[in-house]
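Pasting a structure below so you can have a look.
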Amino acid sequence: MLRYLAKRFLLILPTIFVPLIMVFLLLRLAPGDPAGMMLGDQATADQLAALRAELGLDQPLPVQFLLWLKGIFTLDLGNSIFFREPVMEVIPRYAGVTILLTLVALTLAIVIGVVMGVISALNRNNPVDRGVVTSAVLGISLPEFWFALLLIFLFSVTLRWFPVSGWTPPSAGLIAFGASIFLPALALGIRQSALMTRMMRSSMLDVMDEPYITTARAQGLPERKVIGSYAMRTASIPVLTVAGLAAGYMLGGAVAIEIVFALPGLGRMLVEAVARRDYPLVEGGVLTISLVLAVLNLVIDLLYAVLDPRIRYQ
Amino acid sequence: MSAPALLETKGLTKSFGNVKAVRDVDLSIPRGSTFGLVGESGSGKSTVARLVLRLIEPTSGEIRFGETDLRALKGDKLRRQRRKMQMIFQDPFGSLNLRMTVGETLTEPQSVHGLGRNDAERRARGEALLAEVGLPAAAMDRFPHEFSGGQRQRIAIARALATEPELIVADEPVSALDVSVQAQILNLMRDMQAEHGTTMLFISHDLRVVQYMCDQIAVMYLGEIMERGPRHRIYEMPQHPYTQALLSSVPGSPKEDGKRAKLKGEIPSAHSVPSGCAFRTRCPHAFDRCKVEVPVMHQLGEGQEAACHLLDR
Amino acid sequence: MRHSMTRLGTKAALLAGAAMIAGAAAAQEQGGTLTVGISQMPPQPDPVVTTFGINWMTAAVVCEGLFAVDNSWTPQPMLAESFEYSDDGTLLTITLRDGLTFQSGEPLTSADVVASLERFRAAAGIGASFAAVTESISAPDDMTVEIQLTGPTPIVPGLLAGTQAVIMSASSIGDASATEALSGLDCTGPYTLTDYRADQGVTLTRWEDYQPREEESSGEAGMKHAWADEIMLRLMPEPSVRRDSLVTGEIDVAMELPTDFYEQLESAPGVQPVIVANNQSLTAVFNTQEGVMADVNLRRAIYHALEMEPIMLASVGNPEFYEIDGSWIPDPNSFWYTTAGIDEFGQPDPAKVEEYLAASDYNGEPIRWLVASEQYQKHFLTAVTVAQQLGDYGINVEIQENPMANYIQMRADPTQMDAFSSFLPTYIDPTSIAYLNPTYPGFWTDPEKMELMAQLAETIDPDERKAIFEEVHALAYDQFPFIKYGTEANMYGVREGVEGYTTTAVGGYTFYNYAPPAE
Amino acid sequence: MTAADTQAEAREAIRAPRAPSFLQRFVRNPTAVLSFALLVAFALMAIFAPLIAPGDPMRVNPVVRFTPPGAEYFFGTDNLGRDVFRIVVHGSRTTLLVGLVVTVISMGLATILGLLSGFYRAVDVILMRFVDGLMAFPGIVLATAAAGFLGPAISTVIISLTIVLISPSLRVVRGQVLVVREAQMIEAARATGVPTGRIFRRYILPAVMSPILVQASFIFSAAVLGEAALSFIGVGIGPTDISWGNALTEARNYISQAPWIVIFPGLALMLTILALNLLGDSLRDLLDPRLARRR
Amino acid sequence: MSPLDMTAAPGAGTETKVVLEAENLGVALPIDGKYVPITTDVSFSVRRGEAVALVGESGCGKSMTASAIMGLPPRGAKVTGRLRINGRDVLDLSPKRRRALCGSEIGFIFQEPMTALHPTLRIGRQMTDTLCHNLGLSRSAAMTRAAELLDLVGIPRPKDILKGYVHQLSGGMRQRVMIALALSCDPSLVIADEPTTALDVTIQAQVLDLMEKMRREFDVAMLFITHDLEVVGDFCDRAVVMYAGDVVETATAAEVTRAPHHPYTRGLIDAVPGTGLERLVPIGGSVPQIGAWPEGCRFAPRCSRATEKCAIRPPLEGAPMPDVRCWHPLTEERT
């Protein structure tokens, strides 16, 4: 298992480098001056040049690239141009929010998806099922940032059940944290939960037709047990496999949600950092997201192995 | 055997990774005969079928088709050679292109091999083929899913006949069919073979079907041929313990001592073929020598051969 | 449009032993928490390292400079007790107030002032202007600072009234450069910085040992009340979020609201909009160095072709929030406010357009006009309305929209642009007006202007200076290196019960004078 | 004797009645018809936008700011006094254009590369590494970086969405090719001597065409959503062009005072995505040659 | 043996006790809103210690009948007629009580043990779930019992197997586990649905031997569902031949395999290649599609003996020959 883990982790590396290199090139070739963004409207040309030199932006591109590569391996991602702090210190502040948001949204999506999918499958073709299937199609078609706006309008502005926005870290109390993250997570998770509902439903329908379910029934096991521990056990495996994709989607989709709910997350930070041409920060952020995603996928792979003994990693 | 062999293999071997699916298979199929290859799952019989058709590349060994060295053929030459050798598959549903009409299915082999002068001629031939396999001409414009399993297998047979091949390899052609339909297809294939004089390599796990269809029979176990010979020798005086066990396991065969099972244990996996004689782990007569020495073929007369150390005694 | 203070405080003024024009309610006492929703936050509180004014907010509450600006944009002493120029006007001697300490407990001495000002001198923006006029800074004794000037100039107190020029203890500065941010602030202001999270907000706690000045509050100058026990600045980049949080009572003050929210805040219970009139000028700047716009007659033609009302309406939307006013200093309260050289501002004059166009070399070439994507309303909408109006005269504007990063880069390159949309706030001193700097994009280097600016820099008498500035102003209204469309107001919102908030463009961050609503 | 004999044996009729054509089945499927009709309606709206809602959609008219929906302004006006109806109608042009172009380019490339990749191992190994890399990374972030590079414009959105969406499409096509490649009909065709080119054309392409079509409709919907999301966060088409996502960027500040600014463009967006998703779903059912899908 | 034996009809002798009795059992499925009969009038009985074969080609309704007996017909199916298990009418039981019969009174052996055993649950867990639920054993007692059962069906190292998963076993082993599972709660009836079809011929022989042994040891009634008449002759006492949803002939296994009376049964025998090389006589055409049964005698369209009379559906009893649903039964003996 450990060897497998190590191998998987090494395999991640090339995967991560594709987006990193793309982003590096995109950014450095992009017009726009980080020094200008940093010093603002009234900086003189001399001051701009001095800052550029200080930031190493006057070096030729290949040199910058090599320095940056070297930085990755020495765990030194440089200093943020805007924050004037090491990227390694800036990123965690933002990454935590996004990761928590994604995890909560993912959990929400999986729970909603599994529950609704099972309910739907057990009521195959009756009004309950049709209701679930219809709302799932609607859910999949819901632009999450728009849905987020509607949620804010309904629950925060009109009903005042939740804070309008902003971030309350878990350290400030679980209830406050829950209240601040519920709507964003719901908005972020809604499409994925609809997808998972459909996936769970169809997977459940498939599994319910499997001979081993008939066996379980033929052994006299009560229906609750047949569904709860025999059918759902296998039916949820495909849901798990899409959880990795969903997590990736959410990490990206979090940008819009973070903007709408004013969460200090990585996605929003990246958009701002791109606007500010804060190269080291963008690159660090991309690296972080790729790593988080890779680790998440690894975890899902391992979970997959736990749930499905047919898959064994050597 | 006096008739010249149409298909001959020597030392045919195929490995997938470190799994030897087929080992040292020597076959000789006389022109115009039906040769049966029988064995349980994992015996490598289907792999042999694909090897002799060059659908997969052998690891080693020779394949001769008439005067042609099949292994020397490549690319377009090999493709053109295929006109002379066709295949019928187990699953008529999977082997037909569901998006092509029966007509297209039957004219395609002709057109790719340049048979027939024009489309009309090829279509006429297609209709004749359909009639031959017992389907109405109206079937030409239908799609495979509009037919029953038996009918689809008829279409597959018609397609195999379309290029007037010298050799047809049939891989479990009836095992997916109901008993009553199976008999139809077996009769059809026997008739076709009689009519066209086609040579046939017939692969099946069903000993009764093989007995019905084949003149020559080879019994395979774990990628090797255990015994081969003319039908009556194999069925009436099997010499290899495996053949004997196989025959007595067939339902409806007389039980001795109230038991059917001749063999203990399970078929070993192809990953761990036993040393010496591949069959020794299940053989009721196995002795020390079987563990270390691979038995050679013993000539037993009338072309019957078996690979067993017992025959040395 | 003019919203005056709702209530006048008396008791609080008595507490401080001085009169106040704007203050807290009669029953106001110290206590409570003031929560402010803010739109942006710098990564660190150090004001020296950034030229973006909005990022000075924290330091404006925590720190003080030698001078501070009053409501007429005139610098008044803050940490300084007094100051005087030498006879030749090249030496400025500043005496510090006695007995002041930093929040760390260290006493305020001239050494701290020298350290702070040396760092300020190396900073961009105003710091650069300061550096340009100073030879050296020295401390003859603990309470005295001497600034040796390069020549006679009156602008130093104005430059030192900015938040970038705040005085921090020398020990906290250490050897940090002007681009190296300090993580904390050790200053002399009424609040201490207790918590700073660049992604969330700031917590400021009242400093009990603060020693206020005794003059009445005016702008940033005078007495600082420090009503709230705690001031929390909460980062809320979305304006709608700040508004909604204000309405739901999560915050007491919502900074920087779009004027579109005005009616809504008016009608919402428990909150009210505050209009900061005369906040800034909306403008266009022309490339006077290269390209078609270098032609002064074309610039004149353009000015006379424009009708300002539709341009301002398109941009601002609500007529209550703008004034059609040509003064380059937008705030009429400012000493420097002038309309010299302007007649009939905002009205087109087709005859003059024809005349100047005929005099120009312009033949319908496209005018490359830069706007920043992030400034859709202020940049794009003004530009597009201008383009429409100019189109009637065959003047062909080609709007080029770019992200801010590219916009800043492109406008600095005289070969890449002919004009760009911009805006201009009120400055303490006209020499600070960025547009008048010859290296500022636009590159207005007219010799007459250069000469006038040099005089302005060296003249000390305020009235003489104003006369010179009016000449510059009139010159700009003849050569049109830039065009002003009008003056725009700003808006923020407060909850009912918040007292002492400012309504003037000067002193936008005087939260220490805001009294939180009673519990 | 044999022919007559086999005739007798096979005497049963050809089983099913003629299967209805794709078109017949399509027409009989209410979901397919409804979603298709909706898309056609949106397409017509885009094509005839200047006739349906004449005038410049970007024209600001501050005097009529925040007018609620009514006879003059069907969908009301926004904070700048722009006609929301006009914005919605004209916005469909951007949305559908981006969706269509992205779908055509990415599915076209994905099909070509997917076929190659499914058949040539070397191509496959390189391509899949690259695709894995792209997929290991949220598309929206990549698109943000690309937008920073290329500047806000429709072409930027098209390029970045194509880059982002080509990976999932390629995976689908390749997956299908790999499945089809293993199908026995391919072995049968090879055994018959059908040349490789013809196998591609007559066997593999038709077999992967259905999933490609289905995938295309989902890619279309993803592209529509992607354009809206990018424009919404401000890295899509710039504020000077019109799109539904763009319209929502500013509108989100006014949802409590003028909800119509948010509701109508969002609704149009959602209906388009819904129609595409439903079309994809029904295509998936309709294009299954076995017609045996339970659901 | 099972606690429900107490409810058995009084007076029934042990050796002749009827365990299963089906009377005009019919299953109909809803297709396009209409109930389509899949099987009709299926009547037969199985006694303790007896193996009865339900024979027929695919689509004849034999598996549907078996699922109806288990009480696990497909969704929406309508089951008609009468069904008695150990003397008790079970069709009227509530689903819950009906389910209670499964496992404890009826054991089930499926065709594909690979898919019939849960892929991601340990074998031990599956067996003990059954044992705990039906017999009220504790986990550890159930584990011991499960190991005993596995030992009984000839599985070496049962403890290890219990910790494993089905995919780790060979085909023959899987079917042994399946048999152990079916017998685990001491049922009085075991239904085996094509239990050897998926196995290789040598393994099939082993499994058949095992089933015979177990049948004796546990003294159960067995309903053996198969398409293979040869296996019937080998393994069963009596046979019920089904065609197109109907029982067409009921007789002893010997009679059915050697001297059948229904033309369909005869046709089946003739269609299988025997030791002789004479040409096979296939049944023409193919099995009608499920539910689309022909009017009258359902076999008539494929029958060489069909006459006009066959337009009327022959009864199982009262036709020319008892227990043969045919107007023109074969009377002569053929080898």
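Going in written order, the chains are labelled A, B, C, D and E, and every chain counts its residues from 1.
In this section, a residue touches a chain if its C-beta (ideal position, glycine included) is under 8 Å from a C-beta of that chain, and two chains touch if they have at least 3 such contacts.
All of these numbers come straight from a predicted model, not from anything done at the bench.
Counting steps between touching chains, the shortest path from subunit B to subunit C takes 2. Once CA atoms are averaged chain by chain and compared with the all-protein CA average, the nearest chain turns out to be A.
For the interfaces C-D and B-E, the C-beta contact count is higher for B-E. For the pair subunit B and subunit D, the distance between mean C-alpha positions equals 48 Å. Averaging Cα coordinates per chain places subunit A and subunit B 54 Å apart. We define each chain's centre as the mean of its Cα atoms; on that basis subunit A and subunit C are separated by 41 Å.
The geometric centre of subunit C is 92 Å away from that of subunit E, both derived from CA atoms. Contact of a single residue of subunit A with at least two other chains is seen at positions 31-32, 152, 157, 259-260, 275, 277. In subunit C, the residues touching two or more other chains are 238, 244, 374, 402-403, 405-406. Within subunit E, residues 282, 284, 286 each touch two or more of the remaining chains.
Note for the complex: subunit C touches subunit D at residues 238-240, 243-244, 258, 260-261, 263-264, 313-314, 316-318, 373-374, 376-377, 380-381, 384, 399, 401-403, 405-406. Looking at the complex, you find that subunit E touches subunit B at residues 57-58, 170-173, 200-206, 208-209, 227-231, 233-235, 257, 267-268, 270-275, 277, 279-284, 286-287, 302. Listing the residues of subunit E that touch subunit A in their complex gives 67, 70, 72, 75, 95-96, 99-104, 106-108, 110, 112, 115-121, 126, 129-130, 133-134, 165, 167, 178, 181, 184-185. Considering their complex, residues 50, 53, 55, 76, 79-83, 85-87, 89, 91, 94-100, 108-109, 112-113, 131-136, 138-139, 142-143, 145-148, 150-151, 154, 156, 159, 163, 184, 187-188, 191-192, 194-195 of subunit B touch subunit D. Subunit A meets subunit E in the complex at residues 124, 210-212, 214-223, 225, 229-230, 233-234, 237, 307-310.
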